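Next come two complexes built around subunit A: one with subunit B, the other with subunit C.
And now, the complex of A and B:
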């Protein structure tokens, strides 16, 4: 009996084998690995023009490089993204493999028309990762041009762009990495929408794709991170400026590091780094019809540069400086909220905060939220502390003044 | 060859059965010895006249094999006293009384005995002992003068350690027993000895610690050893194949060692050691998988360092099994799992290489096996050249010619080195076999295939028993107290010399989980319960079910 069972088990195991199989086996030298996808509208605005940045591995690390560019950009036209990918086989001799796509760029034109069609593809496709970064090409630059750009550092420019995003979000804080799954999550929030990083080309659009551009120390063209685009639903509604971007990130509480320049009255200029910052958002319902959002920010800063003779050994002086810092932070957040309210787009997720903290009230307010949000009252409590002043307390200018 | 010798054996048996007894006629007996050994020139017959030049000296003769006996011992302790016998007594005593007189008063040797059977006489001569035959007596006196040349005790050649005892077993079983006895001076160390091999009459000994070793296990091993029917035993592996549990598996189920310290350690842990004359490799049983990844060095180094080394060995075993398979699966099925920059580098390497990764892996693995096989049996002077030509020139040329990618060479080399990092040679052979199995699965089905293969492998390993002990014990079944010396090696004062494996085994016997296994061919009559044990452990591997069939028929 046991033997029969064993044989049966074996037969069942054998039956599993052909269920899968080598359908997805493909040798590496028969694959074209795509590092970035760019999506533009065709001139007649009916079709998509999809561009693929394909890695030419030979040129990057092989011995048999021919001195060509490390990446190539191929474009194909199609009613849908997948049709364009299939059509790309007219141009590319190898299997388009999109699992290593790091960036997806779309043109502003497309973004204004709506991006939900694209998102379904990015969400559904089994190869493309949900961690791919999303960008909108600003100032009329085509997504194709962004992908065609070459970079001096890092041979695959799509990855260079992704690294730029990471670096600037760490160091300056006016951008933050936005991935496909963030996008899909944000697009579903009512009366809100995603925020997407902008990207633009500094200098000549024609030069940035040439190899000769890399032969000069100051590039004639350069792909640059830009401010963030504000979407409502799946459509681009407007662009935040730098101050508004910083304010948004501060309210969202995802700030890593940034710098603040303050000019206390008559005392010169001081630059401070934000080392650590914490934001908490609460919705207070004193009046059930008119919720008030309270944003509390505590920031720790360090003095990095001063063109001033303030005596930093004096705690009082520090306290005075902190007041200026608070004002500056407040200004950023206010400008950001103002912009969002003017476009009636709840990019901060105040609605979600309300839902989480007062679920019952939210049921009642949900329908009125589009009317409420533009007039929403926001209170700010900013508390900043200057923790250190690097290697010096008083500037040498303090001694100069004394003499 | 063995068949021929078996025919010879049956002839001899017939002859000796015809005339089993010894006659008192000295001349006839000597002629018979010479005739039966085919007039071998190395049989020495020394005629003596006992009692010196008295009126009627008694004729006698001693017989020995000159290469196997210790000549000096024969001269000093056999011939000398015989020549100096008291003539009066020699004349006065009848032959049987004379024999007793010689045995008790004359021979100054420790090992002496009186034999009456003709076969025993022949056996004694062929073992290097000296036989004394006296005219008129139907008995012979055997003096233990076995000697001759043996290799001296040297450093072990296959199981080396940096720190630890440097002696190793040799081909002489007496020396080997002494090496163990010297380490364990305890009356509890019991020795049982038997002769196996109807032609070779090889001396096989079984040692165990009375009290630590499970008596049932000892009885089972004794039963299996006694059941062996074979013409010749030239290596302990002959015994191993007869007594191991009958499962079809490439995994070794009997541990072997040439190190006396390992044998002694295992004795203390309650295992049984089987020594075979003529080979330095002794068998240790029962064994478990974890034992093959332990080295005697583990107990000579600090415990934390030993734990690290053991973990590295387990990693090596995994690399050995899965190295090329994972590479093939990654590059042909799961390119998305490779970090991008590594992928770019791999793609650049694969550019212009003609074979698919799977074929490439097979080629390189086979080349590696060829190199290894060629290197093992080369004389030492040439062995160097083989490894240089193989590793350096072939490896480099094959990459420069664009036939194989450099990463494949790295993977195969890593796998090869990992196979040498395992302390046990026969486990690494098993691992190398399974490496091909995984390579095929990976080439056909990617990680899915590797996963299925691993499930099968673990099921198979769970089905293996070594003398009733589950092969994966103490991991499966999980024996908490044995974890102190499995992957981990806690400080020795924490686990002491408790018989870990066998105690767990005893516990399991109590719960009725383990039944004794069917032994060699002779044990078929008794192996009804053994079959049940096999059936119970079956299910993991198809081969096992098949194996049980012939038993059922018999």
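And now, the complex of A and C:
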């Protein structure tokens, strides 16, 4: 009996070890949750100045808030991002937890110098997911300033920015979400490079970080999605304008929705929504040395606004309008191809399409691709269909004219 | 020998979990680049042939352990040596898998935990289950197979509906010809994880239905092969071949990428669960095969030898390699330089002997 008791005691003592629970456990009240990371060059250009947008949980929950800002931005210098994270412990009393990072912003200065040195951390770290979004701060704005911005809708401005990206890519279509793995894949494509969303501050950089900015109906400063940056390899080479971005997205076939304004001769202006669009890219190798890219687009549209007297009851009228729409779409795609060819950067992945469709031909064209791409012939076939015209078939201007 | 019996379904579950084990989470067949999935499928075909060979041995000696029939076929000394060689091999594999699991869990989730603790926890659980007997292990496998299947379905739905798959990333198929695929198969894919089922020869004598058991085994090889191949194809289609190749834990990274409406996301911890479950069965079966062979060869009761051997596995798992790279490098080399001896050469020798044995015993019966 004594022996059994002794064994039981021993077993219970042993159980103390595993029962203490997870070795790695760190409770939430000991963690500083980082929602966004910003990377700038330090003033002497030797180090990185890494900023962290940290969520202040007390202010989010509302009960125990002191009326301070819901997020706080801390910056630390380091040769690498992880060194800066470690050094941030000089400023932050809690464990920096990067598992919820949604955005990573870098300054244009850094982007022009090359971003490959900062990417490994984002790729390797087991806390940061590959779904983190990447941005370049435009117009000399620092990445730090973007993170410091407050937003009226949604308390955590890093998450708000991620939502803005989502929303504008669905509604206007001149941007699309770019995540860590997209970036890494694209950097590895020879004679090409990633496309990264630009972000800028509308109005005052000083005001956007103040809480008082949110106490007016018209903000003095606002963090805004901007044009997309074109990279060659890991360096920023230029910015695409709206038309070029739309063209790129159209060729890539990832467009959700956008609007098109056409002005048919003397007939006023019509605005149409693109509701659905499909793109197929084919590389034709009639001449094995000179591949031709054939881009086929079929788009479905609906008439949304019309300052014109056209009678849309007539299918012929719609057919005529479709020609104008085709031209508009064509213009966007052409301008983006022109831009890419002038910078000799295959952002559309035509090289990859060629490789996938003609693996054998690609083997000997691969070396010549940097010479081929700037002169590459691209054929476009645009077929758009205007499906409907919302609630009216004619504008009231049609009646005005009649009288 | 124990008088326990395994049903074909339990045997099937054990085999499936064993083969998915670590293979599902590491980058399998990545020497073939984006054609890894073809390499896995080819490995599966060879693995199925190997399995039929092992099953032939079992059907010749339906109620004998490998260490027993190797002595019948090759005599006390040579047969005994083969038995001991297999024991050492199984012990080594159990050790390696313990290290595998420990290092992967450490690298991905439990960064601060010492390796000794994770390995000890795993070994404690395994010893506990094996102390209860192989039947308990098999029943556990049957339950946990459903857990793994459920997780698999959740992951699949998640990845499909978050729309992150791009199958053009698998194109062009076989862009560098068949050579890289063959190299990958030769170096890795038929041995790992399919050849590894050689250790199930030590479990087969416990099957309660010889015919159905054999068939269940073959089915398990085909099913695991398909699952592994599909998992690699999906991983590459999500991440691209380059990122998948550089990952030490590609499935985890891939699932981390999936998110539905920013709401259902960060399900990657499920993959760690699959790893731990699979690794548990892998170590258990290897370890059990080693223990049962030792107890048979040296005539020591099974439960007595279980604990000392567990300590050997635990401590050698900590000293087997200094880091993950060394561990993987060694494992990769052993896989095609050493392992074929145990998966192909020795079984072939046994099969030839068994054929002669069959012929002779038939002639004797006829005479």
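One rule holds in what follows: the second predicted complex is superposed on the first by the 380 of 403 C-alpha atoms of A that agree within 3 Å, B and C clash if a C-alpha of one lies under 4 Å from a C-alpha of the other, contacts with A are read in each partner's own complex, and residues count from 1 in each chain.
Throughout what follows, a contact is a pair of C-beta atoms (placed from the backbone, for glycine too) under 8 Å apart; a residue touches a chain by one contact, two chains touch by 3 or more.
Everything quoted here is computed from the prediction, not taken from an experiment.
Once the two complexes are overlaid on the shared chain, A:181 sits against subunit C while remaining clear of subunit B.
Of the two partner chains placed by superposition, only subunit B is touched by A:57; subunit C is not. When both complexes are overlaid on chain A, the residue A:123 reaches subunit C alone and has no touch with subunit B.
Using the contact criterion defined above for the overlaid structures, shared-chain residue A:392 touches neither subunit B nor subunit C, since it reaches no partner. Of the two partner chains placed around the shared chain by superposition, subunit B is the only one that A:13 touches, whereas subunit C remains out of contact.
Looking at the shared chain after the overlay, A:331 reaches neither subunit B nor subunit C.
After overlaying the two complexes on the shared chain, residue contacts for A:131 are found with subunit C alone; subunit B is out of touch.
Of the two partner chains placed by superposition, only subunit B is touched by A:3; subunit C is not. When the two structures are aligned on the shared chain, A:27 is found in touch with subunit B, with no touch to subunit C.
Overlap of the subunit B and subunit C contact sets on subunit A: residues 22, 24, 99, 129. Subunit A meets subunit B in the complex at residues 2-3, 5-7, 9-10, 13, 16-17, 20-22, 24-29, 31, 33, 35, 55, 57-58, 60-62, 64, 97, 99-100, 102, 127, 129, 156, 159. Those residues of subunit B that touch subunit A in the shared complex are 331-333, 335-336, 340, 343-353, 356-357, 444-446, 448-449, 452, 456, 535-536, 538-539, 542, 545, 548. Across the complex, subunit C meets subunit A through its residues 107-114, 117, 121, 168, 171-172, 175, 239-240, 242-243, 246, 253, 256-257, 259, 265-266, 268.
Listing the residues of subunit A that touch subunit C in their complex gives 18, 22-24, 99, 123, 126, 129-131, 179, 181, 184-185, 188, 355-357, 359.
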